[in-house]
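The two complexes that follow have subunit A in common; it is paired with subunit B in the first and with subunit C in the second.
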Partner chain A sequence: MAERYLEELTKIHDAVKQDLLGGRINLLLGWEKGHYWWQSRPLFAENEQDLERLTWDSFCAVNLSRYLLEELKDYQKIGVLVKGCDSRSFNRLLQDNMVARQRVVLYGLPCPGMLDYELLTATAEAELESIAEQNGIVVLRSAAGEKTVEREQLLLYKCRDCRYPDPVVYDQLLLAPRGEKEAPERYKSVTKLEEMPADERYTHWEKELSRCLRCYACRQACPYCSCRECFVEQDKPRWQGRAYQESENFLFHLVRAYHGAGRCIDCGECQRACPVNIPLQELNRKLIKDINELYGQFEAGLNADLEPPLLTYKPDDPAAFSEK
Partner chain B sequence: MPRTGVFICHCGTNIAGTVDIARAIDASRNFPGVVHADEYRYLCSEMGQDLIKNAINENNLDRVVVGTCSPRMHEGTFRKAAAEAGLNPYMLEVANIREHCSWVHRDIEEGTPKAIALLRAAAAKVALNDPLDSPELEVEKRALVIGGGIAGIQAAIDIAEAGYVVDVVEREPSIGGRMAQLEKTFPTLDCSACILTPKMVEAAQHPNINLITYSEVEEVKGFVGQFDVKIKMKARSIDPVKCTGCGVCYEKCPAKAPSEFEMGMTKRKAIYVPFPQAVPNVPVIDRENCLYFKKGRCQICAKECPPQAVDYEQQDQIIERRYGAIIVATGFDQLDPSSYGEYGYGQHPDILTALEFERLFNASGPTGGKVVRLSDGKPPKKVVFIQCIGSRDKARGMNYCSKICCMFTAKQAILLKEKVPDAKSYVFYIDVRTAGKGYEEFQRRAAEEYDVAYLRGQVGKIFPEGDHLVVHGVDSLSGKVVDIKADMVVLAAASIARADAPEVGRIVGINSDSYHFFNEAHPKLKPVETHTAGVFIAGACQAPKDIPDTVAQAGAAAVKAIGLLSKDVLKGEACTAIVNQAECSGCLYCEAVCPYNAINHIEIEERYHEEMHKRTVAEVNPSLCQGCGSCSVACRSGSINLKGFTNEQILAEVDAICLQR
Partner chain C sequence: MSTALNNNADGWDPLIVAFCCNWCSYAGGDLAGTSRMSYPANVKVIRVPCSGRLNPMFVLRAFQRGADGVLVAGCHPGDCHYSTGNYHSRRRLSSFKRLVEFAGFEPERFEVRWISSSEGDKFAEEMEAITGKIKALGPNRKMRDARWQNVT
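Right, the complex of A and B next:
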């Protein structure tokens, strides 16, 4: 795997270098290594020197499309490396009129799924020194020795039920496509929650949401949260109380989830960004499931030309409120 | 600080019976911003309005809350009164303490606190009200009538006579509708064609009327005074300018199809006019059944047509036109009684619906006007009429009474006796309902002079026996089981809404009842208006109706339309949406959900990092906006707000109700 990444990185590097130096793009959004070996953080490359730090490995989880919102104010034309979920995020932004398609060059990277560092250390049961990957196996190296685990077992939660590893929109596809995947367990947790009695479900969310620090990292990472001023920050009217209490946490997360109804592309960045591990994807998936059941199968972000179901009217739409 | 006055209406005992007015007044005095509170027995009366006007002047009020009936009743009245006292009319709020409170509570202890809460909410909202202005809208002086039956024809003639241009869109190749299918009309036994045809011709020849037949309304956008309508003119395959109506084409046409006009009892040609008096007298080619369109060969009509009017290449056309007012007069259908297995409809040629039976009397009908059995061509000697097939039938059909059946049955029994003097009629009925001028006399004549036997009871079964149909029923007055050996059975099948009424309602933007009949705006006081301003209804699309009522209603709808068209400008909606462009992110979801095309997007320039940047944001056209609020719901950042119903105002109301006791 590691060799494969190197080979792929060379391909990516060559392609973007040519465009950046040739002036086709003024900025490349990619990844570079962070403070730790298990971190790959966004890279903002303006020149060849910046580009030397470009990386591509199993930790490039950060969704780069979201950074376009800010960067397009300063750069005329931006190249972005997009995995499957990043490309669907791009479609989200495109459909919300947040980006101009002609000002962005998308380099498609079919994605093997990214690894979860917390899961790696938990599995190793010791502080990890490094990992090695080969043929779907990950070797965990720690002071305690080596442990081999199947790669599938170590994926980030957001990657486990990924159906579209290949970018759905791109200008250049840099790597070999991986094909669509089945995700039979995608709604497993939602179904379990739906089956709970209402009180029990409330207690469950009360417990989960009580940890929320209201740092709004979920919102900052989210491709559907593109408002110029979020309702939580407005003071006329003041929708969101500033107090740090459960009812306010509920309000924030439920309203945010509703804002994503029919729009959430299920990239799972909210949950990955959450510092206190609130299972936010389940809130979003519940709404995705409901929308699918009410308005027919719809996968947001797959096609920017398909209008979200809540923005369209069809004569055969269900009238759940008036027809009982 | 606002200076709000609160005025509470007793509405006789309507409100005062369940709300302790004195307590509500006391409570109102303590609401923030309230400086005056008063009560009156009937606030909507002139004295009541004067009370408000005087209080505004004496107490220097800048805001008013009235605790009265629904704003739909009297908001306009009180706004006008406030304006007469010098206030902007939108500085007044109505607390609906009648429909929302006194009428739904029996107990004064329940009603009073709720009325106080509603008044407190209105006072909290009015404190945030801003003066609003109505935009002025031009009125397009042209009306659209949808449906060319007697209702549509009458409405069109009335509007045209008042001097306005009116377009009548009719789906069928000819105007005339259901009335054209009738032989005679009750209670005078006028020949239907004799009284309808002159009206059809008048409509066709009137300089202010355009008949757009064989066409359907596809889309209605816009609003009162300025409806933008797309009409699809189906390809007729005939050039109406060249066609002389000679009829050679349909004489020679070799292809046949069941005649819709004759209820499928006979065939028409693939090129046809639906009936001899058709207006316009221009045939159409039914392309599904035409040999040329099906197989590419024939073209006999084109070869035979003297003026060369046949045009196989004709395409559907879309007309786009603006109208100030719309009248919907799309008529009704007759229930298909096949689902009532006991009557055997569809299984025997001598079991007919009333409309089918009606056609047997007509000289151009399937039997050339001879009343005979379709099975053997013999005149029927015993005919059983059965009432209320699907009507007044809670279990299997419609709850409502179809209204016209008692009368048309009496008419058909009389006509039968005149055509077949030795025929005997039996009528099975639940009740005989003959409200209407001359109706009771007419029905009594049928029973007394035309030997029609009325049997109160229901029919359980009809089965063939030899040449006859045995009608097995109960005469509930004598309690006896009756078996009648009939030659023919006529079913008074219910009048129902057109199958596509829901679709028409959606296109035009009006709602309907659970049976898909279009709803009037008020069952008593606004019988031809709808909840969509500028759209009126007439005829049986609103409820089953006979010809006199239909014509009267068509006239009423025309008067409403004329009243509208006679204005040069209308006062538009003051409560329109407004965009906070600094906050708007330009996602334009508002534009997508706006049903009135009132939202556009524009580019604005904005300073960012010392440079000017262009950015797209939403913009509302206030003269198109109808204040429905869909946009403000779709906007996640609350950047689009509805004037008069801002987020702040609504939250203030919620807080006033929920946070204080």
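Right, the complex of A and C next:
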């Protein structure tokens, strides 16, 4: 069993209950425990009864903003619990005109970073029975006994280099803010790949992408993939072939990443959703890194009023090719 | 494009796809022709209304279907017929070029050049240069569609 952050949960519960019962919102998007104790899946709460299943623990990694796209079709006013990355996703959707701000109530939850179950079991070296957390330390309990590990080392890949654990947009901040963080190692793997010779890099991606099942879970989880018709399903012209081969896998992943150029908020939901662990964040981060280098520092999703870099230009922009 | 997959006597001849903007580079190519300059026939020109029209998927599709190199040519910044098309494509294609290289393509495989309609000589030179570079690199097998490899 994973323990919930009880004190915080009570606070959240009280705040949203008041709004849901008072009619300020018709639906609350939150988390509930899934089939396993190490899963927290989205909760769609319409009434007090549903709300009792609400949870807030170290496994609430699912980005809830993305669910607004579907739910806004059926509900007039929706409340969403947003962590730092969820709030930046919300800005992303807002900027793409996919959601109406006045129909959404955002409850901000500064996030401690979510835990990676695979990493937990790997560290425990046995099947986990439960975990307990205190002051940045996680106690892993398994048949092999107890093991104490620093919480920082057990975070999901997407949380490890998180710079903005606090929501950047919200109507109500329910917990105490945690402040901005540094992410010195954010581009570490990208730089490592950049230094490889081209052929070696191709072989690397060939290996990684060969696992791709083209389930498109990365797209489904992604807050920038909000097109009503995605290029992979488009029939005329049919960009994405259905064949299972390296060439089509490359096409899909390059284009998927490129569609996020200047728009990707680096929330890492794609990589977390990937059933075969393709390091998709490296592709996204490569684009973020380059655009920052070439066209100035830009962090997507921080401010919905700032235009994404690829939608604008300056006459004296540099180029990555010879302009002579 | 299958006919363009030309295998000549000594085995391999590069196929280079050049996307040329209608107003500058394509006209530059025209000028090269009317001025009787020659450039390698390995370059197949595809005319696009503007370099900003170029969907980066065109480039990937070209690689899938047999191109050994891809060139995008447009008006010089500031000279776009649609005022800002090439400013946008400069940003887009710069980041796209870096992404393509990150995926493992050699930097020479995908190039962008600004060629104006009065630069027939530059057009011929650039085509000559890219053909030379691709010949030196050899055939491209990266991202090639497996079903196209047998088409000769």
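As a working rule, the second predicted complex is superposed on the first by the 315 of 324 C-alpha atoms of A that agree within 3 Å, B and C clash if a C-alpha of one lies under 4 Å from a C-alpha of the other, contacts with A are read in each partner's own complex, and residues count from 1 in each chain.
The rule we apply is simple: contacts are C-beta pairs under 8 Å (C-beta built on N, C-alpha and C of every residue); 3 or more make two chains touch, one makes a residue touch a chain.
It should be emphasised that the depicted structure is a prediction, and the values quoted were computed from it without experimental measurement.
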Tell me the contact category for A:Pro315 with respect to subunit B and subunit C: first, second, both or neither.
both
Which partner reaches more residues of subunit A (counting touched residues only), subunit B or subunit C:
C
Contacts for A:Asp74 in the overlay, against subunit B (first) and subunit C (second): which applies, first, second, both or neither?
first
Identify the partner contact of A:Ala257: answer first if only subunit B is touched, second if only subunit C is, both if each is, neither if none is.
second
Please indicate which partner A:Lys286 is in contact with in the superposed arrangement: first for subunit B, second for subunit C, both, or neither.
second
Given the touch rule stated above, what does A:Arg228 touch, subunit B (first), subunit C (second), both, or neither?
first
Let me test your reading of the model: by the given contact rule, A:Asn97 touches which partner, first (subunit B), second (subunit C), both or neither?
first
Check whether A:Lys236 is in contact with subunit B, with subunit C, with both or with neither, and answer first, second, both or neither.
first
One more residue to check, A:Asp199. First (subunit B), second (subunit C), both or neither?
second
Overlap the subunit B and subunit C contact sets on subunit A and report the shared residues.
231, 239, 310, 315
Per the touch rule above, subunit A residues touching subunit C in the complex are 190, 193-194, 198-206, 231, 239, 241, 243, 245-248, 250-251, 254-255, 257-258, 261-262, 283, 286-287, 290-291, 294-295, 309-310, 313-315, 317-323
Okay, in this complex, where on subunit C does subunit A touch?
56-57, 60-61, 64, 77-78, 84, 87-88, 90-107, 111-114, 142-147
Which part of subunit A faces subunit B closely enough to touch in the complex?
73-74, 96-98, 226-231, 234, 236-237, 239, 259, 307, 310-312, 315
Counting only contacts in the complex, subunit B reaches subunit A at residues 502-503, 506, 582-589, 592-593, 608-609, 613, 616, 634, 636-639, 647-648, 651
